[in-house]
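Paired with chain B in one complex and with chain C in the other, chain A is shared by the two complexes that follow.
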Partner chain A sequence: MKGIGVLPVPFRMKRYFYMKLKLNDLVPGIIIRVLSFVAVIVMVFMFYFVFYKASPVLVSSGLKIFTQTGFDKQISDAFNAQNGDPAVTFGMLGLIGGTFFSTLIALVIASVLGIGATMAICEFMPAKLSIFVKAIVRLLASIPSVVFGLIGTITVVPFVEKTFVTVDMQIAYLEYFQMTGRNLLSSVIILSFMIVPTIISLSIDAVNSVPASYREVGYAFGMSHFRVIWKIVIPSALSGITAGIILGAGRGIGEAIAVSMVCGGIGYLPDFTKGFVGFLTPILPLSAAIINKSEAMSVPAVESALFTCGAILLVFSAILSVSAKLVEKQIRKVKGHDE
Partner chain B sequence: MKTSKKIAALLSAAVLSLGLMSSFAFAASPIRIDIDGKTITSDTAPVVQNGTALVPVKVVSENLGAEVTWNQVKKQVTVQTAGYRVIFTINSNTYTVNGASKTLATPARIINGKTMIPLKAIAESIGAAVDYNSSSNTVTIKYFTGLTGSLKVSGSTTVQPIMQAAADKLIAQNKGLSITVAGGGSGAGIKDTINGANNVGMSSRSLTPDETSKLNPYVVADDGIAIIVNPNNPVKNLTKDQAAKIFLGEIKNWKDVGGNNAPILVQTRETGSGTLTTLEEMLLNKAKVVSTATPYTSSALLKQAVAKNENAIGFDSVGYVDSSVKALTLNGIVCNPQNIKNGAYPMSRQLYVFTKGRPAGISAKLIDYLRATTCQNEIVSKEGYVPFR
Partner chain C sequence: MMNKIKNNAVYSELGYVYSWLSAGIVVSACLLIIIDIVYLGHCAISLDFLIKEPNASAINTEAGGILTPMIGTIMLTIIGTVVAFPFSLATAIYLCFYSKKGMLTKAVEFAIDVLAGVPTIVVALFALTIFTRPEFSFLSTMVDGVEGSSRAYGKSFLVCGIVMAIMILPFVIKSMQEALKAVPESYIEGSYALGATKWQTIVKIAMRAATDGLATGVILGMGRIIGDTAIVWLTLGGTLRMTGNQPWYEPQNWLSALQNTGSTLTTYIYYTSPAGEGNNYTVAFGASLILILIIILLNAITMGFNFVSKEMGKK
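Moving on, here comes the complex of A and B:
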């Protein structure tokens, strides 16, 4: 049990210098390292917890999670069985399909709108107007999703129903599903509106960071404004735009409240071989399923099934964020410039 | 030993003299009883015997939310609040509080055919603050006032409006009290209570034997499940059989039950809803609602969907029915408080709140408040539900 007081003199000297010279660097360094370590631990714990809770259903369902449908009935059956056995087979193909289609289609729409809007803001608008529009876009990005959901139920749902659904169609399809305004199309519309601001915000930053000299080269070659945008600005800003799109995809996949209010709430797999009817199918994306079915969480099997939805979402978003990095890196490599 | 005897003697002397004094005072003017700032009126006036005020049991049940039962064989009155069970035996000087025996000077009596119980003893036994002011000859009882602390309540969205209104009233009359009321559905409420995630849970279905073994449930209201359609729907009545077939998906067109040629769009609640469970038990013989029905996470969302869609049909607690939707008569019987109370309406049920273990402190007070006649008449009725007493 040696205290500092009994250390030999040279050691004390060393310690003194050490403190004097290194303390300023050392302490913040340690704090930052500890904090980042905590963040990593939390992440690891989150993955562990979600997969631990999901494990009974993951084990009992296996690959059927990805190949079978009928989630709603399975939840209802598990709830009414009331025997407390968490190992029930669930098929989440409908949920995964709902998430996939709604996000993908919304992403395509939002990307086109977003890139177009970005070009309008950055290239064509007078400076004062563009500042104003940028502020509105940022505001849109920060609107709570439940507001989008409310707007969706009040305006989008009746609009879709009036425009695309007829009573005859409703009667013809009642055997299979209720054709109302709550469906894939409404989800796509709402999601597009929610994703667009994210894409615009990131794209604006990317476009603004394209050096002016690049454009000047284009103009020097006698290119039109449009060709400069198409051939120089967009390719140069592509890594930033892609990052925005991938972030938007993350928002689309994870969005729960707004979508759960307009999606129809039943996990059908849209069938596009029947044409446009596929868009009028009620869906239940994974994140909305967690919200909607949480009423039945008192049953262990349902709880485990919902954590399985969470686990799939977690993996999806992990893949997305990793691929965002990879894509960005790849694009930079191909374009051969570094920032 | 000696000192304790002395104290006892002194005390009894004090009690006796106080009793004599107050009996003299009582003789002069009738006693007044104030509970939580409100003067109690009763068709049977309180009686003073040996300095103790005896009140009709109704006073306790109406104002303190207690349930009173009478055992003719044992001549016992049981006063049951959420937290306490007090048993008086007529003309006996001993009474029990949660099983513990206690003594009192003036026992419960039957006077003119009415059961009268000692006010101070019962009030103090169940945790009320009792004060007597001799100059105004007033007994002041504080039961639902002077409460502090915070409570979390969650569960059935059917019970939620009653709970929210009761919580608002209690918060208004208690400065240090906070009660947060959330929905989530009966299933979630039950789970939360078992896990300790809330203090009080709400359910619109009766608890299963397994749940009852873990929780202490209390009835707070009677309720009927109304079958609702859009106000523009010409259909006014369904037989119970027709209603069942619609929700099972066997009748798919409104023209089959006397309406327009239009699809019947069944709206339902998500799995876990107590209202859905009750509907399936009472209307569908435990069969499931047709799988194409659109599910909603709350009573309010379901009602909104029916209000927006001309061909929709749904179900909601009678407390949620308003002019935006139309409640159908079932077998010609209107879904109203009277028909629910006497059981004529086919889908009548009870609503519950519950705690894990015996409720204590403010949880018990909240439950007693919900069950008190004042709340039953002023809140439960006003919210559209049916008082259970």
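Moving on, here comes the complex of A and C:
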């Protein structure tokens, strides 16, 4: 493009040159627009194909998916039936309950830990220590899920089995399930530490974006450091923290490998009316079910059932990420600096 | 009055304790995980472990090494990043420089948000429906020997790499978009004022100024590819060794190796852990140690980039 502004270029040459320049600007623009549309196409295809493959089970089961249990037996029946009919009724209440309880309890633990740790990192720690802790949190976020699962099976599961499961309990529940360390509690422990870094990193951003004047008002009223944090900083950062918690929930329901290694692999619905035993029930969340039963996927009915799990996960996760976005937008509106 | 002040003091103390305690739990959990891995995995690591092919065996001395899983991880990382790079860069540029407020921009932003939240296992399921179609059999192999079936196998390094690209797309886009947004407005205006066209401004000014940020985005994507298991398990399968024409390291067999299955470090860990079939957790911890080291290295590189760009910003 060195020719720009060189005066002696003949008029026609110059015009040609500008046309070329315009073309050079136009073509990449079109290419960029086309390439950037891929995300939309992938999203549409994803919803279409997952629901298309899930449709036989969705149609034949209807609402029974949400009200009936007994997924494991239905899967093995469908696998042994061998008639190739994909329209089998499946009840996934156990799986949905497993996903719901494991994610919810892990989320509560992770939020409590995460908000406390955020306060410590942003307010109480000396600058150098907080940089170190932030690096640790980032490392915790990037540890692969299979490593969490491995630590879970080797360390957490035996610990849970030794601490909470007694022989009396095993005998009492023998007719329902074999009680081992692989249960809801182990999944919750693993999941909470997988969710915590997400919550912490979004909360740190939210707390750091609280204007300094807010705190100064608190100090001017004679509030103690902790009271300023608890009554002013955290409430003003609450929507950012909420967005973090929602994203954490998304990570929780989608986590497959780590949970499938420690959850026990039987789709019981945890029953908390009997007390603590509810935590020692083996569960099978939706995502872990896809991993656990993927060997049987050559049977059309099983395949369709697993795609139904996938479809439920897809809808839940889409709702979660859209609501996280809405919450974030809400903050911007409240704070008055909308784009 | 005194009582209330006292109560406040007590609450403050409790608050300090709660906050330090939770930070302590999070940090010690991470450190414990690292110590656990190093403690249980260090004895598996040796030169042989790094340069031998794996065997399915529960005995430590016969379990072989992790050469093919490491090669598999590297191959997937390269394929995934190379496929995702043009799309994510284009989308980030589109959202920063070309988009006007309208349906199209909203659709792209919405799609990115939704895709970022989709669990990897669902991405893998989606890929199974697409890549088992016979039209895509050039990416994997056709299923033969089964009566009346005309579908592709749908499991290969190429397929898995493309799926990885789909998985990292939203994250890389977001991080690249942030990098491009951080380029000072004055640079862009200065470029326009000198008579540069839009495309020249983007390529020669914005992208150069944001190189560190763009690289951070790519490395972020790499980290996610290296750490992912669910996609590998469904679209690459649970085999330990390379299943293409042997020996896989001869150049004429490279294409066949890409079209066939193998393993990565993550599926190797899953396979050798008690959850899989290997039931030899010392090797699994050895592989985890290598995996964690790679991830720490990538983290260090991104932190280095951030540090350098901050220092540059100060000057």
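Brief remarks follow.
To be clear about the criterion, the second predicted complex is superposed on the first by the 290 of 339 C-alpha atoms of A that agree within 3 Å, B and C clash if a C-alpha of one lies under 4 Å from a C-alpha of the other, contacts with A are read in each partner's own complex, and residues count from 1 in each chain.
Just so we're on the same page, a contact is a pair of C-beta atoms (placed from the backbone, for glycine too) under 8 Å apart; a residue touches a chain by one contact, two chains touch by 3 or more.
As the structure is a computational prediction, the values presented were derived from the model and not from experiment.
Once the two complexes are overlaid through chain A, chain B and chain C clash, as defined at the top of the document.
In the superposed three-chain model, the partner touching more residues of chain A is C, compared with the other of chain B and chain C. In the superposition on chain A, A:Val59 makes contact with neither chain B nor chain C. In the superposition on chain A, A:Leu326 contacts neither chain B nor chain C. Contacts of A:Pro282 after superposition on the shared chain: chain B is touched, whereas chain C is not. By the document's definition of touching, of the two partners only chain C reaches A:Ile121; chain B does not.
Of the two partner chains placed by the overlay, neither chain B nor chain C lies in contact with A:Val217.
Shared-chain residue A:Met43: touches chain C; no touch with chain B. In the superposition on chain A, contact is made by A:Val137 with chain C only, not with chain B.
In the superposition on chain A, A:Leu314 makes contact with chain C only, while chain B stays out of contact range. By the touch criterion stated above, A:Ser294 is placed in contact with chain B and with chain C alike.
Residues common to the contacts of chain A with chain B and with chain C across the two structures: 153, 260-261, 291, 294, 297. Put simply, chain A touches chain B in their complex at residues 72-73, 75-76, 79-80, 82, 153, 157-158, 167, 170-171, 174-178, 180, 182, 260-261, 264-266, 282, 291-299, 302. By the touch rule above, chain B contacts chain A in their complex via residues 184-188, 190-191, 194, 208, 210, 252-253, 261-266, 270-273, 288, 291-297, 301, 304, 308-309, 311.
Interface residues of chain A facing chain C in the complex, by the touch rule stated above, are 1, 4-5, 21-22, 24-25, 28-29, 31-33, 35-40, 42-43, 45-46, 49-50, 52-53, 112-117, 119-121, 123-125, 133, 135-140, 142-151, 153-155, 193, 196-197, 200, 224-227, 229-230, 247, 250, 253-257, 260-261, 287, 290-291, 294, 297, 306-307, 310, 313-314, 317-318, 320-322, 324-325. If you check the complex, the residues on chain C that touch chain A are 8-9, 11-12, 15-16, 18-23, 25-27, 29-31, 33-34, 36-37, 40, 86-87, 90-91, 93-95, 98, 104, 107-108, 110-123, 125-126, 128-130, 166, 169-170, 173, 195, 197-200, 223, 226-230, 233-234, 266-267, 269-270, 273-275, 281, 284-285, 288, 291-292, 295-296, 298-299, 303.
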